[in-house]
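Reading through the structure tokens given below for one structure.
Chains: A, B, C and D, in written order; residue numbering restarts at 1 for each.
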Amino acid sequence: MTALVTGFGRFGKVERNPSALIVSDLDGARIGGHDVAGRVLPVSADATPRAVRAALDETDPTLVLLLGVAPGRAALAAERVAVNVFDFDEPDNDGALPVDVPIEVDGPAAYFATLPLRAIIEAWHEAGIPGYLSDTAGTYLCNAALYTALHATADEPLPVGFIHLPSLPDEVAGNRPPEPSMPLETQIDGVRIALEATVAALVV
Amino acid sequence: MTALVTGFGRFGKVERNPSALIVSDLDGARIGGHDVAGRVLPVSADATPRAVRAALDETDPTLVLLLGVAPGRAALAAERVAVNVFDFDEPDNDGALPVDVPIEVDGPAAYFATLPLRAIIEAWHEAGIPGYLSDTAGTYLCNAALYTALHATADEPLPVGFIHLPSLPDEVAGNRPPEPSMPLETQIDGVRIALEATVAALVV
Amino acid sequence: MTALVTGFGRFGKVERNPSALIVSDLDGARIGGHDVAGRVLPVSADATPRAVRAALDETDPTLVLLLGVAPGRAALAAERVAVNVFDFDEPDNDGALPVDVPIEVDGPAAYFATLPLRAIIEAWHEAGIPGYLSDTAGTYLCNAALYTALHATADEPLPVGFIHLPSLPDEVAGNRPPEPSMPLETQIDGVRIALEATVAALVV
Amino acid sequence: MTALVTGFGRFGKVERNPSALIVSDLDGARIGGHDVAGRVLPVSADATPRAVRAALDETDPTLVLLLGVAPGRAALAAERVAVNVFDFDEPDNDGALPVDVPIEVDGPAAYFATLPLRAIIEAWHEAGIPGYLSDTAGTYLCNAALYTALHATADEPLPVGFIHLPSLPDEVAGNRPPEPSMPLETQIDGVRIALEATVAALVV
């Protein structure tokens, strides 16, 4: 059984994207009886959806956990929903800046994530890791990756979800006003815990 | 040579106060050629100033670094100034709730901290630890401790300052909306770095 | 032609709900060739959806603009999407506190609002009124009202949307920390402008 | 009897500074038995203090209320204290960017404002205008104006204070994320109320 775990690389002002570092750390690991297959996705309205579908095809996962950074957020955020829209505040890595463009022209307005979000959040709190249920994954590539994965697997009983990560401490160390952050080690623990809580909920 | 390092214990909603935990961790350590003398201060308009003066008398320090927690802050905050007022939003541990009461009846309106704040902040950034210069230490016991220490040592060439600490992650793990936090290990590193940067500036 | 405009009354800490006051102000007015039919909805997981459907039936509108207050928001917020979930942080006026309960058991995950959101926001900015496109209407009764209205009219070419309003100034005048607000007159102007911009977009 | 009321003009991203508009509105008015003398100060580390002293000399006031805008603040802020430092995040209108430079080389660390702050805030709340007691006026020209006025009048029994104002709505209408604002009319009311509350406290 394979857990597909994806992240993103550099974009905008984000130089060290914790999602790519976590993917690099967990790729090849065995967590909750699953082999982790890590992928770093492009930051591109054009290429992200295609890369998500390719990763699903290549890894044939039984569990999908997508990751991305959300500068300014203070805790791990388990996303509840993905909406069918690209609406960018800043250009992607290709320079594209779509406004109110559907991700899937004939797709539904939204999908709910199919991870056991409450179990994940409870497991974070038991471990002392700040985390919460978020009602918007934004309208950038993070949301698009989640929407695409849920759309591509809509007919399969596959747990699929997205966790937004705080910035790394060294990325924001000199920022004024100060911004929240979370160390990479805590983030890795949080992702491991999310994978384990998902597997535990599957078994039950 | 002695570095007096103080913290506070429980108060209000703060159960695990990182400042007391750091004092416990560093008490007896040797940092930058100084022996750390740790003290945990009472959270009390009546007793805090007296405890600060007693700690100064007992330890005869060559460097004073006071610590306290500031829930909601996202980074280490080196305080620039302490003002001569008690003005509480919540009662202290004795149930006192002073409004616009001077700490020292005949004291000046404020003192500037005498730590090398810029050197401390630069050292934090080099170490990848989020930190900033804060222009208000509030009007609760943290400010009162700093004001008292600066007032008591106003005629001495002694570096005295205050660092406000974020909440510990496990203290805010379940809070909604999510609140920023910083692990104890990072906070301890930050305090060590502040002590070392202060000593380095003294030598120069 | 009828424009159905709805609001909510008291709930939780909100005593003077600007949405009910705007409904009271605009009920019976003629705006953009439409007669405004105002309705104040109950704050209730049980009753809100029913009241929305009843209002649609009774008024047979050609345009639907739902209003609600969102304490803490700094500007008018034109909502992009409504999701199929009740998930309350505080009880409704019946004392109900549903968690992750669908609004419509067999409904889709979400609907996009069908108002001309960009035209509305542009019209606000031309008038100097702060407003923005919001990506989450929350998971309380505001979202539920919008979801219900969009679900009930899904097969009709009817513009339906929701605007979240800031608190009234007098509701937050003494709050610490200070909270954003907007005067009722500005809010009424903003709602009128939204109705006019919607009608203008319809005609084109 | 003269009430000196000062504001500032354009600087940085602030095009329409509400403090200058209020000064323009109130100049020559009679409020609480005082004739208002309005002055717009330069935004300049070099010239602001000089202009404050000149305004005091020219108008020989019995009451001094300084005004300035603080983008991002949600309510009127009666400042408690002014500190003896220039420390700019953005250049002034002369291009100067001082860091940790004293305003008055031999001046004390700080002065407390001598307005009846509690009476002002209570009067705002009775009028339904959001306002609060602020513990930092920053380290830009607003703080410098207050420090200079308090330093120049330190030996006189003269009420001197500073109110920070939110942005005007049209200044932030298109900003993302949305920012708090307050209409000019409400701000003018708030300043009038502050003057009247100060005069009432003087008489008592």
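One rule holds in what follows: a contact is a pair of C-beta atoms (placed from the backbone, for glycine too) under 8 Å apart; a residue touches a chain by one contact, two chains touch by 3 or more.
Bear in mind that the values here come from a model prediction, so they are computed numbers and not experimental data.
Student: Between chain A and chain C, how many steps is the shortest route if every step has to go to a touching chain?
Tutor: 1
Student: Identify the chains in contact with chain C as well as chain D, in label order.
Tutor: In this structure, no chain contacts chain D and also chain C.
Student: Of all chains present, which has the mean Cα position farthest from that of chain A?
Tutor: D
Student: Rounded to the nearest whole Å, what is the centre-to-centre distance of chain A and chain D, using the mean of the C-alpha atoms as each centre?
Tutor: Inter-chain centre distance comes to 46 Å.
Student: How many angstrom lie between the CA centroids of chain A and chain B, rounded to a whole number?
Tutor: It comes to 38 Å between the two C-alpha centres.
Student: Taking the mean of the C-alpha atoms as each chain's centre, how many Å separate chain B from chain D?
Tutor: Their C-alpha centroids are separated by 31 Å.
Student: Quick check: what residues of chain D touch more than one other chain, meaning two or more?
Tutor: In chain D, 176 touch at least two other chains.
Student: For the protein chains shown, what form does their contact graph take: line, ring, star, complete or other?
Tutor: Contact pattern: a closed ring, each chain touching exactly two others.
Student: According to the definition already given, which pairs of chains are in contact?
Tutor: The list of touching pairs comes to A-B, A-C, B-D, C-D.
Student: Across the complex, what residues on chain B touch chain D?
Tutor: Touching chain D from chain B are residues 80-81, 83-85, 87, 100, 108-112, 118, 133, 135-136, 138-139.
Student: What does chain C use to touch chain D in their complex?
Tutor: Going through chain C, the ones touching chain D are 73-75, 77, 124-125, 127-132, 169-170, 172-183, 186.
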